[in-house]
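Labels run A, B, C and D following the written order; every chain starts at residue 1.
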Amino acid sequence: MNNRKLRAGMIGGGIGAFIGPVHRMALELDNNAELVGGAFSRDPEKSQASAARLYLDPRRVYHDYRVMAEREAKLPEDRRLDFVVVVTPNSAHFEIARTFLEHGFHVVCEKPVALSLEEAKTLRKTAAKERRLFMITHAYTGYPMVKQAKQMIKNGELGDILKVVVEYFQGWVPFRLHGAAKGDKAWKFDPKVSGSSLTMADIGIHAENLAHYVTDLEIGELCAEATSFLAGGGLEDDAAVLIRYRGGARGVLSVSQTLTGEHNGLTIRVYGTKKSLFWKQEQPETLLVRDLNRFDTTLHKGGPDLYEEANAAKRLPSGHPDGLIAAFANLYRAFFQAIWRQLRGEEDSRGDYPNIDDGVRGMAFVETVLESAASDIKWIKPKV
Amino acid sequence: MNNRKLRAGMIGGGIGAFIGPVHRMALELDNNAELVGGAFSRDPEKSQASAARLYLDPRRVYHDYRVMAEREAKLPEDRRLDFVVVVTPNSAHFEIARTFLEHGFHVVCEKPVALSLEEAKTLRKTAAKERRLFMITHAYTGYPMVKQAKQMIKNGELGDILKVVVEYFQGWVPFRLHGAAKGDKAWKFDPKVSGSSLTMADIGIHAENLAHYVTDLEIGELCAEATSFLAGGGLEDDAAVLIRYRGGARGVLSVSQTLTGEHNGLTIRVYGTKKSLFWKQEQPETLLVRDLNRFDTTLHKGGPDLYEEANAAKRLPSGHPDGLIAAFANLYRAFFQAIWRQLRGEEDSRGDYPNIDDGVRGMAFVETVLESAASDIKWIKPKV
Amino acid sequence: MNNRKLRAGMIGGGIGAFIGPVHRMALELDNNAELVGGAFSRDPEKSQASAARLYLDPRRVYHDYRVMAEREAKLPEDRRLDFVVVVTPNSAHFEIARTFLEHGFHVVCEKPVALSLEEAKTLRKTAAKERRLFMITHAYTGYPMVKQAKQMIKNGELGDILKVVVEYFQGWVPFRLHGAAKGDKAWKFDPKVSGSSLTMADIGIHAENLAHYVTDLEIGELCAEATSFLAGGGLEDDAAVLIRYRGGARGVLSVSQTLTGEHNGLTIRVYGTKKSLFWKQEQPETLLVRDLNRFDTTLHKGGPDLYEEANAAKRLPSGHPDGLIAAFANLYRAFFQAIWRQLRGEEDSRGDYPNIDDGVRGMAFVETVLESAASDIKWIKPKV
Amino acid sequence: MNNRKLRAGMIGGGIGAFIGPVHRMALELDNNAELVGGAFSRDPEKSQASAARLYLDPRRVYHDYRVMAEREAKLPEDRRLDFVVVVTPNSAHFEIARTFLEHGFHVVCEKPVALSLEEAKTLRKTAAKERRLFMITHAYTGYPMVKQAKQMIKNGELGDILKVVVEYFQGWVPFRLHGAAKGDKAWKFDPKVSGSSLTMADIGIHAENLAHYVTDLEIGELCAEATSFLAGGGLEDDAAVLIRYRGGARGVLSVSQTLTGEHNGLTIRVYGTKKSLFWKQEQPETLLVRDLNRFDTTLHKGGPDLYEEANAAKRLPSGHPDGLIAAFANLYRAFFQAIWRQLRGEEDSRGDYPNIDDGVRGMAFVETVLESAASDIKWIKPKV
C-alpha cells in the first residue's frame, strides 16, 4: 500500500497566534499532510474566520474541541482526521490531548504536554492503551546539525563525555514589561493558564530535551536554583541547574526569560575526552567541532561527510539556510512515517520525533528542579 | 470578491531536482496556492513518478510542456492553472515561458530567464502584450533584513551612498571537479544548455539584482574582468566588476564559483556618508548597521523598530530563523497579491517581487560585463 | 618631584618560563620601570643565563631569593629595587612575597598569592604593617573594554543587575595528557606545588575577580560542584558555582581546564533590567551591549563615546588590537602611580590594580567553593 | 661575539603622536634595543619634553635631524646609535632617511618611505651604497597567523593559487569631517605633506604588501579606479584594483578610508585549487582554512601543528591575544638579527622584515594605480 496524504485537525492557533501557523506550515511543507479542519478558537466567529483564511471547508470548523472529537470520529475512514495538533495555552493541553486520544486520533501537542508530571503520565498511559501516536514538538531537535551532533556522539567520536553545558536564554519578560512592545504573552504570567512554572515549563524542558537528545545521557541527580526576578506571581523566570549524569558526566543547565537583549539563545556544548561540540540555535546551519589538538572545525549543513541522519534532514544545500520551519517539518516527517507504518500494520517502532516519553521526562525534570530550588539547605556563606 | 487559492503548474523539478521542490514548498507555504499539475520531466514515466510523490492527479501530469499549455488552457476557469513555474535548465526557460505566456498563464521563471538579452526583451514584450505577470525568482530579496536595508536607504538613513560592495562567492566548481561529490550540475558546464555565461548568468545576476533592489542605484558605466579558471569551454567561473553608478557612487561586484571552501557567500555592504550596512545571506537574520561615530548596531529580524516592510516579511519572531524557503515564499506572496489584484480587475501595479524588468536588466548586465572583460585595452603593467 | 623610572627585580621567570617574560614586557612597556636584577632560578647557572639574555648586570643576579632580599635591601636608595615580581610556581609565592615585604620592597605576585586563605591573610597583614604595596596580577581587568563595562555598570546604565554569568574554560588538561604536546605544566598536577586546588586556584579566582571588578557585587551565599575528571590526585579540574549575590542578583560561575578544544575562554555576561553586557577575553577589543528593545550595539576600544577609564587604558586606536601584554601593562601603570604617590608622601589611595584584598577574597572563594562541593546534602534525584 | 643591546634614535614621535610610541614599545619589547635619543619635534622645548617623559638623557635630544645625524655620527662606537626610526609625516621621510643612511645609520622608516617612486629608488641606491639596513614597517606581516598563511602557501598546501581578495577599509575620513572627533590627522589632507596620494600611499601599500608577503605573487598588469569622495584636494580616499598576477592568478584589491563605520579592516582571502585562507587583522589570532570538501578549520596562534615561523612569532599561548605591538616587535626582532649578523661580519642575508625593496615596490604600485585610474578608456556603458 502506498503512503497516502494525511489529514490534520488543529485545536487553537487562530488568527494572531504564533505557533499554530508554524505547525500548519511545517506539517504541509513536504506535501504529505493537509490541514482540513479544526477548532481554532472558542469563539465560533473567530474560529470560522481563522479557517476561512486557510480556505477550509466550514463544515470541518468547530469552536468546541469535544464536539470536534466526537463528530470527526464518526466520519468515514477516508475523510476522518488522522491526527490533531494541540496549540492552545498550556492549561488546556492535557484535557484536549486526552480527549482526542480516546476518540482514536493521533496527537501532536505543544510543550508542556500538561501542567504536572501526573497528567503527563496519564497521557502516556492513555496513548499506550489506545495505541495512538503522540508527538511533543521539541522542534529544535529537528535541525540537521543537531542530528549530526547526536550521531557523532553516538558513534563515539567525542570519546567519553565529561561535560554538557546547555543554555536557553530569552529576554522577553523585561521586554514585555518595560520595552517597546507590551501586553503580548500575558497568559504566560497567569499560573492558572501557564501552570506553576513559567520558564522551566516553557523553555527549560526544551533545553533538557536537547541535551538528552544529543547525548543520550540520563540525569542521576541535580541541584537547582530558581528565581522570580520580574515575572511575579511566584513564577520563576530564571533557573540554573547543576547536574550529575549517570556515568560520571557533569552538566550545567541555565535558562532564563528575563535576560535583557537575549532573543532565543538556545546553545549546547558537549565536551568529550577527544572532541567537543558547540551548536547554537540562532545560527543552526553550522556545528563547531573542536579536538584535543586545538583545531576547530566548522561543519556545515549539506557538507559531504556528514552522517546520513544529518543529510536526510536538510532541504537545501550548504549556505542556503533551512530555518526553523524546516526543522519542525522534520519532526512531522518522522511522525508521518510512524503513522504510515501503523497504517500498514507494521510493528510499532520508535520514530525520530519527540514522543510522550519525552513529555513525561520533561515534566519530571521541571518538578525536580523546582523542588530542589525550594530547599535552602544547599547554600553556604563565603569565608572571610 | 475574496481571494481564492491559486492553482500552479510546474515545468521541470522532477525527482532529484534541487530548485523545483523549493518552489513547491515556497508557493504553498502560506496556503494561498496549490500545485495541481506539471511536466516534471520529458520522460513520461519519470514525470508521473515525480507527480505521484506529490499526490497529484495523473491527468494533470505531462511530459511535453506544449501539450500541457494547450490542454490546461482549455480547462474551465475554475480548474485551469493560474500560473506556471519554470524550473528547467537555462536553455529551455525562454521557449517555455513564452509558450505559457501566450497561452494565457502567468509565469514564474528561474533565472536566467533567457540565454540572451534579446530573448529576455522578447519575454518582456510578450508578457506586456498578453497582460500576464512574470516573476523571476531572485529570492534573496525576499529576506526580511534585505527589506529593512532597502527601506533604510530609501528613507535616507545612510545619507549619500558612496560605495557598494557586493560579493557572491561559491566553491562548487572545484568541489564538483575534484572534491568528494562529483558529476552533479554537469549541464552547467555545457554552453548549449547553460548559455554563453556560467557564473555571471548563474549568480552574477543575483548579486546585481540584490544591489539594485537594496540601493535603487543605476549603473552608469562599468569595467570588468572575467576568467575561466576551471570550468573549461570558455565559460567564465570568476568575475570582478568595477562600477560607476549614476550620481557618483562607486561599486565593486565580485562573483565566483571557483573559490574553494565557499558555500553560498552572497554579501552586500553599502556605505553612506552617515551610516553603512552589511548583510550576509548565510546569516540572514541580522543586519549590521554602522554609524559615523563607530557604533555598530546589529538589527535582528523581528525587532520592534524595524520598518513595516521588514516586519511583514517575517514568519517567526527574532531568534527563530526563517530560512530561505520563507524568503522565497515572500516573493510568491507578493506575486499572488498581484494576481488577485488582476482578478479583481484592479489597476496593474508593481508588486514587491522581481519581474521581467529585472530579468532584462540582468541579462543586459551579463552581456555588458562579458563585453568589457573581452577587451584588453584597460590593462597597464606596473612601473618598476 | 618628578616621577622617576622604577627598578624591578624578579623571582622565577627564567628561560622557558611563560609568565615571567610577560611581566617583564608589561612592566617595561611604558618605559616607567626597568628590570635590573632577579633570582630567575634556584640553579645559579640557569639564573645567570636567563639574566644574560636580558643584558642584566650579573652582580644583581641571584639564585636564592633570601640572599637577594637581604643584599638588595642594603643597596643605597638610588640603586635599590623598588619592587619585586614573584612568578614562581604557586607553593613558593607566600614565603617569597612575605620575605620581600619584610625587607621593605613592594611586591607584585602571580595568583594565587598563597596556598590558603590563612596565608593570604598573613600577607595582607604584613603588607599593611610594612606599608608596602601589593599587586596580584588579575591581568584581564586591565583590558580597556573591561573598564568600559565596569563604568557602565557603576553609572547605572544597566539598571538593576539581575544576573551574572561568568565562564573560564580551558582545555589544556586533556591536551597535556593525550594531545600533541605533553609534559608541560607538570607541576600543576602536584598538590605539593600547586596547592589543594588546581582549577579554582588557577583560573577560578580570575573568573571571580573579573565578576567582582566589573559588577562590584558581593557574594552572599553559594552552592558548588567540583570534579576531578582527568587531573588525578584529588585535584579538581572542573567546577560550577551557583551564586546568590547580596542584593538579589544571581550568578553562575563555571570554570574548567578539562574542556577539549577550549583555549583561554574567559567570558562574562551581565544582565540588568535595562541593558546587558557581554565580553570575551579572546576577542577583547569589543564589548557587546544589548538593550531592552533588542538592539545589539558593539562598542569598540577607541570609540569616541567610551568612558575616560576605557580610553585611558588603550594604547592603539580602534581596529588595532592592543593585546594582553598591554592589559598587563595597565595594571603596572596603576601600580607605579601608587608607588610614585607614596614616594611623594601622598596619602595612600586605592589604585586601579588588583591588590592583596583581591588576593584574600580569591582564596576565600576557592576554599568556600571546595567546601560546598564536598557536601553531598544538596543533591536530589529526579522524579520518575 | 655575543649580541649586544642596540641603541635607537627617533625622529618625530613626540607628545601626542600615535605611531612613534608604538615603535618605541615594539623596539624595546624584547629588551634587545633601547631608545637613547632623538629629535621628537622641530620645537626644541617640545622635543625635550617628549624625551623627559621617556627619562632620556637631554644631551641626546635634538630638534634638528641634521644636527642629530652629524653629532651622533661622531660619538664613539660604544655610545653611537645603531639605527634611527623615522616617524614624521610623509613628506619628511625621504630626506631624513637619506641623511641618516649617509651618516652610517641603519634606518627604520614608516610607510610610505617617500612621496614618489623616484625617491624610493634613491633610498634603495643609497642604502645599498652605504651598506646600511633599511626597514619599512609594514607591521601587519609580523602577526603569527600571517606567517602561518605564508608558509602554507609556500609549501603548496593551497594547490595552485587562483584568486586573491585583499581589502583595507577604514572610516576615519567621514569621521574626522563629520563625526564626534574632528581635526586630527589634518596633515593627511594636505598634498604638500601627505604627497599626491592619500589612501593608496597610506594603506593601499599595506594591502599590496600583505598580499605579496603572503602569496609571493607578482603583479603582471592591473586596472584601477580611484575616487575622491570626501577628502578634497584631488586626493583619492577610495580605490579598487583589478589585478592579473603573473602565472594566471587574479586579484581584487579594494582600499578606502571613507567607509563609514569601518575601523581598521584589513583582510586577505587567498583561494587555491585545494584550500583557501581567510585572515582578518582586527581578529588576528586565528586563520580560517577552508578545503575543497567544505570543512572549515580555524587555526589558532599557538596551536601545536603550526609552522615553526608562526610559532616563533608568538609571545603568548593560544587564547591570549598578542596584539599589534607584538607584531611590530617581530619586525624589529628580525631587523636586529640582521644588524647583529652584520656586526659579526656575516654575509648579508634577507631577514624576515619588510625592506627598501618593499618600499620601492609599494611606490611603484601607488603610481601605477593612479595612472590607470586616470584613464577613462576602460569604461563601457551597460546595454539596455
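Definition applied: contacts are C-beta pairs under 8 Å (C-beta built on N, C-alpha and C of every residue); 3 or more make two chains touch, one makes a residue touch a chain.
The model shown is predicted, which means the values in this text are computed figures rather than measured ones.
Chemist: Looking at chain pairs B-C and A-B, which one is connected by more C-beta pairs in contact?
Modeler: So, comparing the two chain pairs, more contacts are at A-B.
Chemist: Using mean Cα positions as chain centres, tell me which chain lies farthest from chain B.
Modeler: Between chain B and every other chain, the largest centroid distance is to C.
Chemist: Report, in whole Å, the distance between the mean C-alpha point of chain A and the mean C-alpha point of chain C.
Modeler: Averaging C-alpha atoms per chain gives centres 43 Å apart.
Chemist: With centres defined as the mean C-alpha position, give me the chain A-chain B separation in Å.
Modeler: That gives a centre separation of 34 Å.
Chemist: In whole angstrom, what separates the CA-based centres of chain B and chain C?
Modeler: About 55 Å, centre to centre.
Chemist: Which residue numbers or ranges of chain D touch two or more of the other chains?
Modeler: Residue numbers touching two or more other chains: 179-180, 262-263, 293-294, 296, 300, 304-305, 318.
Chemist: In their shared complex, at which residues does chain C touch chain D?
Modeler: Its residues touching chain D are 2, 4-5, 18, 21-22, 24-25, 28-31, 35, 52-55, 170, 179-181, 262-265, 281-285, 300, 302, 304-305, 315-326.
Chemist: Taking the touch rule as given, give the residues of chain C at its contact with chain A in the complex, in rising order.
Modeler: Those residues of chain C that touch chain A are 117, 158, 162-163, 165, 171, 174-175, 178-180, 219-223, 225, 227, 229-230, 238, 240, 242, 244, 250, 252, 254, 256, 258-263, 271-276, 289-294, 296, 364-365, 367-368, 371-372, 375, 377-384.
Chemist: Using the touch definition up top, name the residues of chain B that touch chain C in the complex.
Modeler: 293-300, 303-305, 318
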